[in-house]
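Chain IDs A, B, C, D and E follow the sequence of writing; residue 1 opens each chain.
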Amino acid sequence: MYDVVDYVLNTTFNLGAAGWVVSLISYLMIATVLFLVAPLQMLFLTYYERRLIARMQDRVGPNRVGPEGMFQPVADAVKMFTKEDIIPAAADKWVHLLAPLVVVAPTMFMFAVLPWGPGMTPIDMHIGLLFFFAVSSISAVGLMMAGWASYNKFSLLGAMRAVAQMVSYEIPAMLSLLAIVMITGSLSIVDIVQWQGGLFISSSDVAGVPNWGLGWFVFNPVGFLAFAAFFIAALAEGERTPFDIPEADSEIVAGYMTEYSGMKFGLFFLAQYVLNFLLCAITAVIFFGAWQGPGVNELYALGITPDNPDGNGWFNVLAGVLGAFYFLFKTYAFFFVMVWIRGAFPRLRVDQLMDFGWKYLIPLTLVNVFSAAIWVGFNNWGANEGFGFAEPLGDLGRWAVAFVLTLAINIAAYIVMTRIYGETRRVTFDEQLADTAGLPS
Amino acid sequence: MELLIQIIFFLLAALILGAGVMVVAVRNIIHSALWLIGSFFGVGALYLLLEAEFLAVVQVLVYVGAVSILILFAIMLTRDVSGQGERLLFQRWWLALLVAITLFAAVITPTLLAQSWNVVPPTGPIEPGQPTGIAGALELGRGFVHEFLLHFEIAGVLLLVALIGAIVIAFEERNRRRKVLTLAEEHELRKRREQTSDANASESALSAPGHPISQSE
Amino acid sequence: MPSITATALRERMERDLPGVAVATRPRVVEAESKPKAKGKHAAERPDFLATNDTVVVADRLRDAAIYLRDACGYTYLSDIAVVDYLDDGLFEIVYRFYHLDDGDALVIKVRVPRDAPNVPSLTPIWPGADFHEREAFDLFGIVFEGHPSLIRIYMWDEFEGYPMRRDFPKQGDKYIDE
Amino acid sequence: MTIQFERGKVVVIDRGARKLRVGQGMLKGMAVVWHHWLKSFQKLDNFSKTAGVFTVEYPDERIKLPEAYRNMPILLYDDETGQELCTACFQCQRVCPPQVIHINQARNPETGKAIPAAAEFIIEYDACMSCGFCAEVCPFDSIKMDHEFELSTEDHAELTMNKAQLSRPVSYYERIAPTFWAEVKASAYKKLQNSVKRRVDLIGIAPQMVEKVKAMRAAAAESEATEAAPSSAPTKPSAAETSPATDKAAKLAAIRAANAAKQDAGNGGTSTPEAPAGDDKAAKLAAIRAANAAKKAAESGEGSASVAPAAPEAPAGDDKAARLAAIRAANAAKKAKDEQENS
Amino acid sequence: MIKTEELQINIGPQHPSTHGVFRMLVTVDGETIVDLVPVFGYLHRNHEQIAEVNTYLQNMPYTDRLDYFNSMANNQAYAMVVEKLVGIEVPERAEYLRVLMVELTRILNHAGALGFLINDMGAWQTPLAFGMREREKILDLFEMASGARMMCNYFRFGGVVRDLPPAFMPLLKDLLVALPAFFDEFERLLCENEILLQRSEGVGVLPKDLAISYSVTGPVLRASGIPYDIRKAEPYSIYDRFDFDVPVGSVGDVYDRFLVRVEEMRQSLRIIEQVLEQLPDAEGDHINPKAKQNVRPPVGDAYARIESPKGELGFYLVSDGSEKPYRYKVRAPSFINLTPLGDMCRGYKVADVVVILGSIDIVMGEVDR
């Protein structure tokens, strides 16, 4: 973008703008585009979810506004805008007002590091992944503000639950990502995506694998367990069923949003759906290779790249379109799974949620980190690191050994953990009584 | 570019200082905590301006995302939720100011004295021999496990101790823990107590609520 | 197979718990109800008090109920109904017990004067009587002695009067007039 | 517990306590939902299906209502002659649980004798509970339950229906419930013939048919006149004329009615307050007050032998609410009178 | 040590999962329930008083409005008590029709109740939608027979309003194909779902002997392990002609109540199948004896009860010989089943309250009367 703006300003119009002006303008333009994308995603997702879940329930879903109900979200938005904004008399006015903003703003930031296609990452930070999660943790503050400022017991309860849940589930999410970061050795999202070329086996692990853009992380045991754990944690962070406890409408009405109405409520809604989109997107990025897919790399190689400055720009566009298509397709597929889960399951109780996170997911992801170490050892380390014995196996052999080993470890861990967890859940009546023995009558 | 960075720097500095003053100036303790978050955030942005991206992100992750949440939780759980209580420190603000200035001076004076000013910032590629600033994740990681291993370990032990301490404080012994009995537990307990206490208590048990009914003699 | 009829119950109760049951006129089941002249039904007052069920003294209600539960095995208290016999100046409270194996109900009735409707509460023995008794208190003003929280259940707490009593004004009371 | 029933047994539910649960139950559930998602592109058009969209997209798509469907009561009249099947026998008014049917018996304007037709027939749709008792008890098959359910209105008072709004031709009912009508058709028409014999003039003609019947009769009379001497046909519509009135007037009338009734209690005289037209609320209130007053009057005036309570005549205005009020007041008065006589 | 404060929360009267205008005054310690007081009466209309002003027949449609989910069952209980009081015989065919309708009602009630229960647990409508789908079909059948979907008013003293229309039977037979599939699917969707198990196992336990002294009825009583079904204990109507089992639970928690209801639907289906076998042979021409509707029972009292889907539904009538009941009392199962709610919720979490309430299955129209 910088180049384009620079070209337009300084070459075409010959304005002689300073470098920082050009940067500022180009960043503003990117930001504008992203800020437009976010609400549109939200509008689409609400429609998509409602139609999908209706189908799962043998209904039709909204189909009155526009063709097949396409403009239903627009109608909803109009409704939101025209509703009266109610601030409870006892509420803290300023905090009440700021809370939705604090919740929405970080979700917008998170778009900054999302790779839409080859060479289409708004900002390629070398700590992009960390940035993504650091920023997402800010919205917890907003939730807390909302719950506290509303001066309502349900709101406060909801905010406490929301924050406790977000903070708790960040840990398994991070731990499952840690395994991936260990394998790639980079926090940069672009690097992680780049790593996932190949065909079921990453070309970074085994050189010479045909690069069809299918060397995704889910295809190895470490990545798969990390993916499962991460997706569960993402459900919890995005407050989706079965972890939609903070806004459990059957218990605490609407949680921290209880006292919000009109556009402020709309902002919470926006933040939630954008966050859901982002979580699906990041799942697709990290475990499913984002824009990686058959054909993208080949097309991109023909376009203008740092390696190939003489390429044809049209191939860039083609690769971009195809990559964005793959990326969005994967993202929406994950959103489909989210909706599917919402259609099928009841929700957990708040203590069960905490138990699940702390007693099940975290140990499981820790085991996965161990598996990742084995994976890295077998695939990447040589004699220097003490893995000389693996060298004679050759690339493919090392990969196979790592695959089998980690698979065995992970499956064993899953079954053992599930059984232990299941046993702790099923406390017998006598044990319960033993807990309470010697109580006052 | 320089100008832009300077403008941004002053804006950020104003934000940090202003927020810091508001932390001690506002009466409502929740507002105070929220201003603190603002201040943390400004510091994070400042790191970004210094091109220490990793530090900036960690600042946001740790301070804004975790520490401030803990602070808010602590305030909300320990005080009246309305947060309208008077703050004790507010009465002798000049004393607090004095202490703050002294402490700040104690920290900043050696820095100011030892600093050699007007050094031309390094431009161009860093030469191999020159020590690089620790800003990236990789360097930081290497630093932790090589140069600063002892510090790292000590910090880890400290955190562990803190963790255990927190558990000890929060843990209540089982028999002192308040537990609300459910109906079934209460019933079972009563039944057992009746069985053990007296075999011929059947008469008094007649009028006890929830008397077990002899179903099939 | 429990098969205690209403008459058998009265006999057993007289044997085991003397002085609990009250003598009543038995109700004669008419083979065919006499056709009455229309509009004249007000002339002769219906005889409500004749009954085949056991009527017990109000103070001994608990004894009778416990007797039903323990001696007869009728453990399940199903229903408590109040009938206001305005002309006779009585409230009749109908307790309905069931055996959990089989069979019809055993009914015991308590009759209390309308101006002092005090009955011992069964809630301490049968927690299930709680709402029944609160309902009877709310709508009829029967006072159940020994009930842990005898407060109104349907009407709001400030409501005056007992709406199901037959002398409660049907129209034009102060709530409707507003 | 080992209880044996005569037919069937006691089954203790299996809770599956010993099963290993590693998430297969959740996967099963998701499979069910997936199945429904796949099947949702067809319609559930058959009761034996358990998947497929079962939404009825209401304004565009309507299910055929069964014949027995009952919504609100309507009155039937004969298509050709316009004769109403109703004879004002008061059966429906008596059986109606929420007491929303109000009937005024038609009287011969000359002799004052009752005619088997309703001068006015009012049903308060807003309070009707659609139980269908009226249609069930009607011995003349005149009152039937309609299938029309889109009755919403902006004005509450519009839900008080008078005879003109209630009347439907027989053909309409035959269309919505052909077999039901076929069962009773013969006897209904036979009974109608009987009551038509005792009707005079246009009394008993459905309001919307009055003009038509008039024209028909005039035509018939003309064609007759060409053959024979012209017969004088006094046409005096039973429907009352319009009179503009306000709700103030209604209130006034109510007070007057109440006062009159009170006076009656004292002097035993007769008065006939006219229930005026106007705002229906006021009118209803008036009716209730009048009725109460009449009742009270009847109760208090026990000494006087011939207490004639307030018996309002046919209402002056055309406003149905006012008429309703009048009918109510009249009925209350009548009842009060009955009680008076009984005691 | 760290102490927590008790907090009072009002759940309801306007709350998404209180099944109507129902309030629970909850005292919580953290998230644990210390005390719960049910408060109701917001829908009170003095139904019993209204009934004393109406004639016996006029009360029939009012009983529809008690438990508006199961108007057929209410109709049956009321018709039975009047028939008992007056001594009216019901023709055989009418009895079969009654059983058919009431068992269909049981299926639709349980389908709805389980759907709402899972909704209270946080599922987003899917089980409810599936239940409602089957309920719609049954309501279509009701509409065909009685003329209304919910306020059926189908029963008369000594019979029913009218015989089944010719289109009824084919549809019912179609439905009988769909229902077993629906039950299987419902079980697959939920019965083994780990989340549902976590939410319901050991929650809201009502021990066996307490269930008796608390006077709970219906599925709640049976889930606590007591095989008490009025259709078996005191067979009314023609229930002694059918084979069906009585499902009972073993623990008495929410999960048992869930499973018992699922099994009861299957048993109702069995009864319906038997009704269809026997119905063509059943005689009775005058299933709507119009002449017997204006009853004037002799002086006396009568009580009749049925196993309504929610439990023992009883009507107590006292007659003074006139055309209006002297006293009319409803023994409403929802109302009595609410008695142990406060005690049952004690010691559980806030989120369990709505689940326990849902597992009791109340309808406020019947609770408040």
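In this section, contacts are C-beta pairs under 8 Å (C-beta built on N, C-alpha and C of every residue); 3 or more make two chains touch, one makes a residue touch a chain.
No experiment lies behind these values; they were computed from the predicted model shown.
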item	value
Innermost chain, where centres are averages of C-alpha coordinates	E
Which of C-E and B-E has more C-beta contact pairs	C-E
Centre-of-Cα separation between chain B and chain A, whole angstrom	25
Intercentroid distance (Cα basis), chain D paired with chain A, Å	62
Centre distance in Å when chain D and chain E are each reduced to the mean of their C-alpha atoms	32
Chain centre separation (chain A, chain E; CA means) in Å	46
Residue numbers of chain A (touch at least two other chains)	56-59, 343-345
Shared interface positions of chain C, touching two or more other chains	75, 100-101, 125, 127
Of all residues in chain E, the ones touching two or more other chains	126, 130, 133, 189, 193, 195-196, 201, 210, 212-213, 226, 340, 343
Sites on chain E touched by chain A in the complex	7, 9, 15-17, 31, 118-126, 129-130, 133, 189, 193, 195-196, 198-199, 201-202, 349-354
Chain A to chain D touching residues, read off their complex	52, 55-60, 63, 340-341, 343-345, 414-415, 418-419, 422
Residue ranges of chain E in contact with chain D within the complex	54-55, 57-62, 126, 130, 133-134, 136-137, 140, 143-148, 151, 153, 161-162, 165, 167, 171, 174-175, 177-178, 181-182, 185, 188-197, 201, 225-227, 232, 240, 242-251, 255-256, 259-260, 263, 267, 290
Chain B residues touching chain E - in the complex, by the definition given at the top	169-170, 172, 176, 178-185, 187-188, 209-213
Complex interface listing, chain D residues touching chain A	20-23, 26, 29-30, 32-34, 36-37, 39-41, 44, 51-55, 57
